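Look at the two complexes coming up: chain A is in both, with chain B in one and chain C in the other.
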Partner chain A sequence: MSDALESGAPSFLDQFPDEAKLVRATLWSAFIALILGGLFGIIQTLHRTDILRVMDSSYYYTVLTAHGVLMVVSFTIFFLVGVFTWAVVRSLDRPLVDIRYSWTWYGLMVVGTLMAVVAVLGGFVDSTEMSADVLFTFYAPLQAHPLFYGGLAIFLIGSWLAGVDWFRAWYAWKREHPDERIPLQTFMALTTMLMWYIASIGIAIAVVVFLLPWSLGLFDEVNALLTRTLFWFWGHPVVYFWLMPAYMLWYTVLPKLAGGRLFSDPLARVVFVLFLLLSTPVGIHHQYVDPGIAEGFKFIAMTNTMFLLLPSLLTAFTVVASMEYGARRRGGTGLFGWLRALPWARPAFTGMALAGLMFAAGGFSGMINAGMNINYLVHNTLWVPGHFHLTVGTAVALTFMAATYWLWPQLTNKPLFSRPIGLLQVVMWFVGMALMSNAMHVSGLFGVPRRTAEPEYQGFDFTPAFGTMNEFDMQIAIGGTLLFISLGLFIGNVVLTSFGTKQSSLGEDLPPALSGPSDSPVVLDNLKLWVGIALVLVVLAYSLPLASIISRGGLFGPGVGTYPMIVDTFSALIESVAHAGITETLAQFEVGVIVQ
Partner chain B sequence: MHIHNYEKIWLVLAMLLIVAFISTVAYGATAMGVDMISDDEETINPDALDEDQRFAEPRVEQVGENEYEAYVVALQFAFQPDPIEVPAGSTVTFYVTSRDVIHGFEVVGTNANVMVVPGEVSTFTVEFNEAGEYGVLCNEYCGDGHHVMEGSVVVVPEEEYDGGDQ
Partner chain C sequence: MSTETAKKEIDHEDFDPKGTLALILLYFVILAILWIFMYFIEFLGNDLTVIG
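And then the complex of A and B:
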């Protein structure tokens, strides 16, 4: 607590009280989603690994849908709209244009989330037909309740309007500062939002044109491959929507925490421009093993994906260089000895540094996923969630939690309740995730599928190259439990901070970069140019595959029906038996139920 | 724009790495013949599989010396036929489609792993050299009985093969 008092600067709350209130509201929304998402996470971890099964396996998918949607849509996006609002207002040093407008987009996001979550939780209540057990990817022809699609659409609109808010603030600032470069944090928020607008075209069409009217019964059929492809048009760039705010924190806050400053402002801008250009024309790499998409289109997506490694590799350099610069200024010496001079006792620093380290590991498993032909081995296995629990589950989530330790006092004028607990929390997250993710990656290599309530089959066993299935399950369960405890410590720390007493002068300044914006070509700030090129790349990557999918199967699909996801085990069973005439299925299924 | 020398070196190495990755995939696709699932097959009406000559009766059919075709239907929550019986030393081309929702077809522990999308037919070729039994599972969530959806591929010694009829 004591060093927070040293800076003596007015806090964000002192300078922009209205905006600070809004950011606190978005962060609270994110934390509530995080608690619920974590609760569903631990239930599902213990169920899947057969440590503790408190429900019938058919409810597993309701839990999994809730975990996915709450974590990667609600938690991440609520947090990032908050942190971008803070970053834009702070770096422009001016308030938002109209705070009532800002509360409107926040309100829309809350309403959208509540709608979707109610639809998902309806899956637990047998007496209602409302349900949305379609998982985060909601692949048609599995069908959710219209409330789910409607909620997603409203949430999306809220996020778009949030971006408009930051553009309005920037235009207002530009009139006041005609010939100045866009401040770095604002530049990062704006390029991220431009990427988001382009990426959301896919999901907006999938949800509003096809899935919502179909769920309302306006038509009976959809083209399963088309809606799936539109999902991934958005489904890959959304990971950069989560990641770019974490990158912004690594570029602008982490160097300060390390005791130094950002290495290069121009290269930070280049990285964000590259993300704007390359994030979207890659989604087909999630469909390498899909039928109905020509190999050539997959190759193009693969090439673009590999180039998307570039901005992340550049970031790795800059982040490490900025930390080393900070460490040397703090008196660190030697080839690696400077690492000891970093402020490891600060949870904000340690959390972000560990998140960055995990991201390197996640990057490597991502390179494997991207390799079109080795993807066969890992597609839809437990390897894949192993990968994204390193990226979004650690690089993003742990960075957000670490940033909270630094930012929350500036939004509340209350010093953090406990740094040691914070430090324990970030380290525990790292250890828990290392265990869980390692075991998931390895299990995936010997074929254990993702997204299943019981990876235990009647006709065959998995044969690990080393270790036993049981060992890997234990690692996953222990890792998941540590993560859940860590999450509880985080929330507890934030809540207890809010009960603290107010102090003044908790503000912290962010130092400018070593190599400032004046070193960078003005063209980098030409957002219209980059949006134009990004759109051209998207058209090149997607127009032919989409045209081909539509001409093959038609806009509404070649006779694909409707499969509402109502938790009613027996209706699904009777249907499958009637279709198949396989009584074996029935026998197996009953065994599955009795075991519960 | 000023770029530090170390950063220039890093940039060059990063580009080389990317080009190397793309080259290995291109090499695999062209020289080693690792085919991707593609769009060779026409679309199919999943509601009318009973009238389709390949899928009305899911089966394995001999089409040449040591060459077979397997017509497989995935549905909530089973694969047909089950087991899929083929002789050792054969080359089998799989045609897999779905009767209802999106499924996966994964021969456990191998890289025979494809998505099964209603309306589309996934096709790929596998060589079975030795007799043995492989598990098949659905690796895409397909409904509340997803976890019971499994099947098997049984590779029987060549002399014992009786045509694959159940």
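And then the complex of A and C:
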């Protein structure tokens, strides 16, 4: 790691001009997706709360799909590839191997996004057959135009090639530094990409083998449950794919902003390894109410999910401890008094800290979602968007915006246009989301559905135990409006920064951890070992459910019947499992479920 | 540009993150209270949603 001065150092742009240009391009792509996604977000918010309806309700799903896909596929992943490129190049302190190759993966991602977005927007144009109103959970039986699936596939390939780029840079570095530990940020990017490769198996099969040929008319039926299961095979790890760049920023940038340094490098590595191992074998927790999957498998997914809380709790500890360290160095004292010594005037710091706070709140609603029984209470209600606007919609999105305030000057050599506006922006996002998400959670508890243009069913009343439906709708609308304004302030600040004049020495160094990598066991850096274990866990979690889904419905079958499941699955299991020991244990387990 | 003032050096041994511990315990207490609250919502506020 370079030992540059704390400030006045050459910036990333000075050191790696080609890479800085690429990172800027990826971030611009992310910001364009963000602002378009926000536009659709405010349209649907005002529509479903019946405050302002600018379109016919029949277009609602087009808007909702555009919002979901632009936000959680385009915005998050474009930002991720930008941040990871920056982080890998910075922490290895060497350029990418071949910048033309890097532009190729970026180009593929852009083309893929454009294809998918054109297909979705086709839904607004009545004169074309084209549409893709499949929502961001694009499994069967909803069907999109082939352009949508083709675009997704190309985007996915682009993201895989981006990962290869970082591995190439790492191999090149390793040849020059044979005995050194992998630098922390590179370690984080590589483990995240390994998780991504494993997770993508599910979605690649779903899209390329089933959904795309099906929408091209090569066959008329797919096994809907199979495409759902393959989607969620990817659909849970993808939430960690969104989250990992935010975690990387919390571990490596936030402590510096707080005036300190990361508390423990080994703990950070352990956390990323745990995510690699545990992110995928939990996807079935999104299918608790799906008929056709035996309760036992759902129970296993729930258990794995609870283990997955561990790395997030470790993160809470490490990151807060790093902030406390910074605060005490800045002269903070007392059990809670140190909180006042943190640099709250810096938008980059405040944004990330508020994002972390919202994530803690999202942790609670996530535990409710994860519980098999209590999930029935909230499933498919507005509670669920309430939950993930805290996690991906704030923990991730607000962290990315806040980090931009810190990173953008180093990519452009132009100081941020306005810090006070930045501060206002992050606080406004926090307040807007607190309102919108709170009201979404509460109305969900009283049964208000998500994904509905007009949730005021005829002759039916939602009866909240406190407050009125009108109040919740107002909260959602006001919150959504604040979020949209906040988004405008963010984009405005970035654009105006780009019109500024260049300065030198805007580089900022990241200090090494208090407890460095040499304190951690070398095995942590053995990526092959972790991938092997992760694959074994995936096979354990998924082979039996998939075998039973396929044996009942067929690969292209009409899907499985809904009732009764357990006894039949049991016999399918016996046939499909070679290993007697596993069969026996599972048999006991299934018997337990039947008796219950 | 930098708002940072003179900093004390605190090394690994001297730093005892007790504020962090306090915050995390506080979080657990809030979680526990919310769980109890959910019990009321689930079982007393609504009819039973799922049986068997």
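The working rule: the second predicted complex is superposed on the first by the 551 of 596 C-alpha atoms of A that agree within 3 Å, B and C clash if a C-alpha of one lies under 4 Å from a C-alpha of the other, contacts with A are read in each partner's own complex, and residues count from 1 in each chain.
Simple rule for what comes next: a residue touches a chain if its C-beta (ideal position, glycine included) is under 8 Å from a C-beta of that chain, and two chains touch if they have at least 3 such contacts.
As the structure is a computational prediction, the values presented were derived from the model and not from experiment.
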| request: Could you say whether A:Phe263 touches chain B, chain C, both of them, or neither, answering first, second, both or neither? | output: both
| task | Based on the superposed arrangement, let me know which partner A:Phe364 touches: chain B (first), chain C (second), both, or neither? | result | second
| Which holds for A:His177: it touches chain B only (first), chain C only (second), both, or neither? | neither
| Just chain B (first), just chain C (second), both, or neither: which does A:Ser515 touch? | both
| task | Considering only the touch criterion stated at the top, classify A:Ser57 as touching first (chain B), second (chain C), both, or neither. | result | first
| Per-residue touch tally on chain A - higher for chain B or for chain C | B
| query | Can A:Leu142 be said to touch chain B (first), chain C (second), both, or neither? | reply | first
| query | Now for A:Phe317: first (chain B), second (chain C), both, or neither, which partner does it touch? | reply | both
| field | First, second, both or neither for A:Tyr376, with chain B first and chain C second | value | both
| request: Indicate the residue numbers of chain A shared between its chain B interface and its chain C interface, in ascending order. | output: 263, 313, 317, 321, 367, 373, 376-377, 515
| query | What residues of chain A sit close enough to touch chain B in their complex? | reply | 57-58, 60-61, 64, 133, 135, 139, 141-142, 223-225, 228, 263-264, 266-267, 287-295, 298-299, 302-303, 306-307, 309-310, 313-314, 317-318, 321, 367, 370-373, 376-377, 379-381, 446-447, 449-463, 515, 519-521, 548, 552-553, 557-561, 563, 565, 567, 569, 572-573, 575-576, 579-580, 582, 584-585, 588-589, 592
| query | chain A touches which residues of chain C in the complex? | reply | 1-5, 7-12, 15, 17-20, 22-24, 27, 30-31, 34, 38, 41-42, 45-46, 49-50
| message | Can you tell me which positions in chain B touch chain A when the two form their complex? | response | 1-4, 6-7, 10-11, 14-15, 17-18, 21-22, 24-26, 28-29, 34-39, 41-48, 75-78, 80, 82, 99-102, 104, 106, 108-123, 133-135, 137-148, 150-152
| message | Going by the contact rule set out above, which residues of chain A touch chain C in the complex? | response | 6-7, 259, 263, 313, 316-317, 320-321, 324-325, 327-331, 334-336, 338-339, 343, 345-346, 360, 363-364, 367-368, 373-374, 376-377, 415, 445, 465, 514-515
